[in-house]
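Paired with chain B in one complex and with chain C in the other, chain A is shared by the two complexes that follow.
Showing the complex of A and B:
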């Protein structure tokens, strides 16, 4: 009996490594717990699913992708530990990190020792700098680019007279990251920045902030550096004062969560998203993603934009590996970076417009507006590409 | 069973390591520490560095809270002050470890003196609130003193230097961290046996009685604050070199609470408890995560569910330890040692 059990156990263990030696490995430290978990779980699922989908469709030139992830809890020391552990055990040539902080902490070692292609959850402008971070890329527009796209939209759609805007941002790295660029860009476009309001993440009492808006009466307010709170409070507060302001958000505050939270007040809330939404069923890539989800996760009704960021980042990793294989290059960090830089007008099935990496980022996005009745975001502009 | 422990000289009586078995095992431990970086992989060395830094910082908090009874919620702030001092000195003027480590400790100690000043008037939970204020003020300072701290983006720290030596990798830094941790432990172990150390304990146990016996209350408390902050500052400086970047997000209030947990789990008012606590609180989550990742090849999806579970298990372990041994791991260690010493004649 025992022997039989052992034999079975051994059999199971032997059967497990379904991946051969010629898999292409991608490592990841994902914030599955901690305060970023709401997005981390989805980002992780997006990456896992896109690799499963690619593998189902024959992999990359016949080679399968192996995705190795671990939870890092949105703490920089744990995240670095996970990175080192996965690098020691699996030596993947590509890695997905959990935060801006992790990217900065690892940068010297990635540049000097590890030399691998590094993507992450972060849209930080600081990381999209090939001179300083040669192996890092941002899988979309940076926060600065997001402001750029929104400001271009505002410049083209003034509500009578000269367009005016207020920046409403949090007192964090995330919040302050794009502000210097945004000031410059607004000046270039002839948009008046009438107020800059800085507040804490999760602030509950926003009366003084709202009064500032009452005083300055901007046509638009770009809110950045928060996920949820205090965005609903500010929007409701300004509605109570009868202000006609269009509030705009950036990537993390453009998910379904905010429409659900705001209810009817969501009407007219705008913002930028660099990827198509899960309910844009006329987009070919979205159709494929939905088909995959119906098969693999039949219970799932909706996927937020963080899932699609994961999906897109996975596509980038796979594309870079594919370019290497096509050219007969060995899959190393240096070659992968070369591959990334060689991508021109890559068709991603409408998930984004044709992709070209500029300074290791994709400075493009689209302005969406919330429709409270339909409970979804609808596009109000075409894709805006920054020069 | 060991019997008889005779001392024939005063020197023997004053020795830190008193018996041959203790000396033997300490020597083995020392050799193991030296050999470790040559045989271990990147990941274990990284964890060892992390444990070392935690040990140094936890020793500081234990001197302050465990020995002197001054509860502090500002330990992360002290670490942060040290980290920024070292980062600023080494990134601007390229100063080496010989200057940055003492400076980091010194500046943190000065900050500790200021934070500790209210301790003459208030104690217990009220003091906790005062130190909490220090934490909040320090966090604000890290963000807004941009000319020194680099604001939100922080400072990128160049590799640690000592003369011609450069400690750029975790493996190289391991030497520095272990040396400093050993020095810190040695100092704390000796302090515990000296008059200032006993004064700390007297203040903790009954401050009025201590004062009547001639222990200057204010001075002793301030000394504890300065010393605890000095340790934290040095640990913070090593952290800066270790992480290669310092941002305000590295030193949140939750880190202060984490350090309180380290010394409580390890054993309040014991030197070895700080070490055990640091090892436990750093390695156990890693081990739990390692166990969870064993499930990966079988059920990749399970990781998503197991990862939050590791936090629950970890929390449960801490509660369990505190229930069964309120004096922490240090006491469990003592009991284990006693068991072997008395074996087989345990009454």
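Showing the complex of A and C:
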């Protein structure tokens, strides 16, 4: 473990490899330390690996991608400083940010001064708004879209009578982001929101929250704004009270560690993932990713969905650059955005269904259910595309 | 009525867990007069030692617990020797700033050694909840409370009856007088740090077993702060009383107020409201010594 940690530290220090002048540069401020590091390290590896894979396969029309990243520690001020440093030193036309906070903080300057294509870890609904943030995109559905997909599933699968749901979210920007949309969408679909429970990330005791569920008895509970704790406590607590509730999670709470933590109590836990899982070996792109990992990282047995988000976002950057080169456009932020908006039904080898950007996001996802015996998530719906 | 009983019982149980971490603050403050803002990180480091012993070395739970306590105590002894001893006689604020820096260093070290991934403890306590009348208590909280009670009893007895415990109290009360009476003050400081870290580590194992561990686990230390202020920074019994009061207040606020407040989170605010009130009215807490320096 120590060796792995030291290797990571050395990797951070040796972030910039030697490349020629004709490379296509992608900059990134990555949360390799701090509260979000559990995902940031994987996101960063996903981006680094997809670019290495593209370069191995001839690059983009013969041009190699140069990936320049630095740790930003999940702190907005530091992330902004890293962004400006990388922009000043390398002038990349594309950049990958670490958080919603960084995206919002930099948006005015990106719009007025830098004019580059900007993607990030964030699925914030606010960042997928081309009128307000013309250079920003979300590499998948927004949190609102995720609620939309889950609510559509609930509306079609009521568990007796009118479908009912409770929203259980954290008292953070991340937690509250999709809630106004979710309330509206539930109303449109005829799903009754019987409770909204707000709690802190990492809460030790959730008794009062579970008792609220005992009182309201929703058929479904959508949990959002957490990664792990207190999701296991809530699910176990409701089982202790004999409640028959289907719990659902959004992207960050659909990772393998939820199943590992819950053990047999994971059975029936559901949620949305916009990407295929690393163990879906019948998906062509997953096969390629696994083959790359076997060669480049032979010790790695599993990659979480944050790695796949990084990989997919790297594919988007590369695709936009490719469209520019195909059309003889200079690789600038404006042309890259034009390229992004022109993408229609792009085949990404099953990592996602054919990709079309709608308002700089891809409003699609699939509902998966945890199978405790198999220790993995299995799809229980087809890809659901929001209109 | 059942609703109220459930909230009370569960509040008492979670209060025990808070008290465990609170003991980490109290043990060090009681002997050295230092408020260790890295207590949460000692809790986190202890939880990782326990995790490594359980999962990496496949030790039984009791042995893993010993590894957690001894590991955290050893780190604390090194810290006390290398960082704090040279600061003897320096203003309190200097020492406080060092403990704040220490918390960042421990977080960074944990990430380098164990990576940033969340990790789950294998099942330590039985899955089946404990039924107390109409109240259902998750087994981890129930056993966490029992462990807290045992730890408080051991620590209280240590400070009351053990020679070293009495010497530690004497050191905290008046270093000059204690020294002139032959108390090895440096040894007492080291011992206090070791005991404080071990108590926090015990809390870390229980909290880690409830929700999993990551280098950010130490953030709970801040939440426990109102507990020790309420109980009294230098009172062992105060930690458990403070823990129970905060746990119960949190649960009552969560059960009765949160559903009616848009955006919720009254439950999270209550401990800090209590902290504010206590600092205004009785800054030394319910059972603390009156002479407490504000930092």
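Operating definition for what follows: the second predicted complex is superposed on the first by the 369 of 387 C-alpha atoms of A that agree within 3 Å, B and C clash if a C-alpha of one lies under 4 Å from a C-alpha of the other, contacts with A are read in each partner's own complex, and residues count from 1 in each chain.
Everything below uses one rule, namely that a residue touches a chain if its C-beta (ideal position, glycine included) is under 8 Å from a C-beta of that chain, and two chains touch if they have at least 3 such contacts.
Predicted model only: the values in this text are computed from it and were never measured.
By the touch criterion stated above, A:69 is placed in contact with chain B alone, chain C being left untouched. Of the two partner chains placed by superposition, A:373 touches none, neither chain B nor chain C.
Once chain A of one complex is fitted onto chain A of the other, the partner contacts of A:197 are limited to chain C, with no touch recorded for chain B. Of the two partner chains placed by superposition, only chain B is touched by A:87; chain C is not. When the two structures are aligned on the shared chain, A:171 is found in touch with chain B and with chain C.
Contacts of A:33 after superposition: both chain B and chain C are touched. Judged by the touch definition given at the top, the superposed model places A:108 against chain B, while chain C stays out of reach.
Once the two complexes are overlaid on the shared chain, A:41 sits against chain B and chain C alike.
In the superposition on chain A, A:207 makes contact with chain C only, not with chain B. Once both structures are placed on chain A, chain A residues 32-33, 37, 41, 171, 176 are touched by chain B and, in the other complex, by chain C.
Touching chain C in their complex are the following residues of chain A: 1-2, 4-6, 8-9, 32-33, 35, 37-38, 40-41, 171, 176, 195-200, 202-205, 207-209, 211-212, 227-230, 232-233, 236-237, 240-241, 257, 260-261, 263, 265.
Chain C meets chain A in the complex at residues 3, 6-7, 10-11, 13-14, 17-18, 108, 111-118, 120, 123, 127, 129, 136, 138, 141, 207, 210-212, 214-217, 219-220, 247, 250-251, 253-255, 258-259, 263-265, 267-268.
For chain B in complex with chain A, the touching residues are 41-43, 46-47, 50, 143, 151-154, 156, 168-170, 243-245, 247, 249-250, 285-286, 289, 292-293, 296-298, 300, 303-304, 307-308, 310-311.
If you check the complex, the residues on chain A that touch chain B are 16-17, 32-33, 37, 41, 44-45, 48, 67-71, 73, 76-78, 80-82, 84-85, 87-89, 101, 104-105, 107-109, 112-113, 126, 171-173, 176-177.
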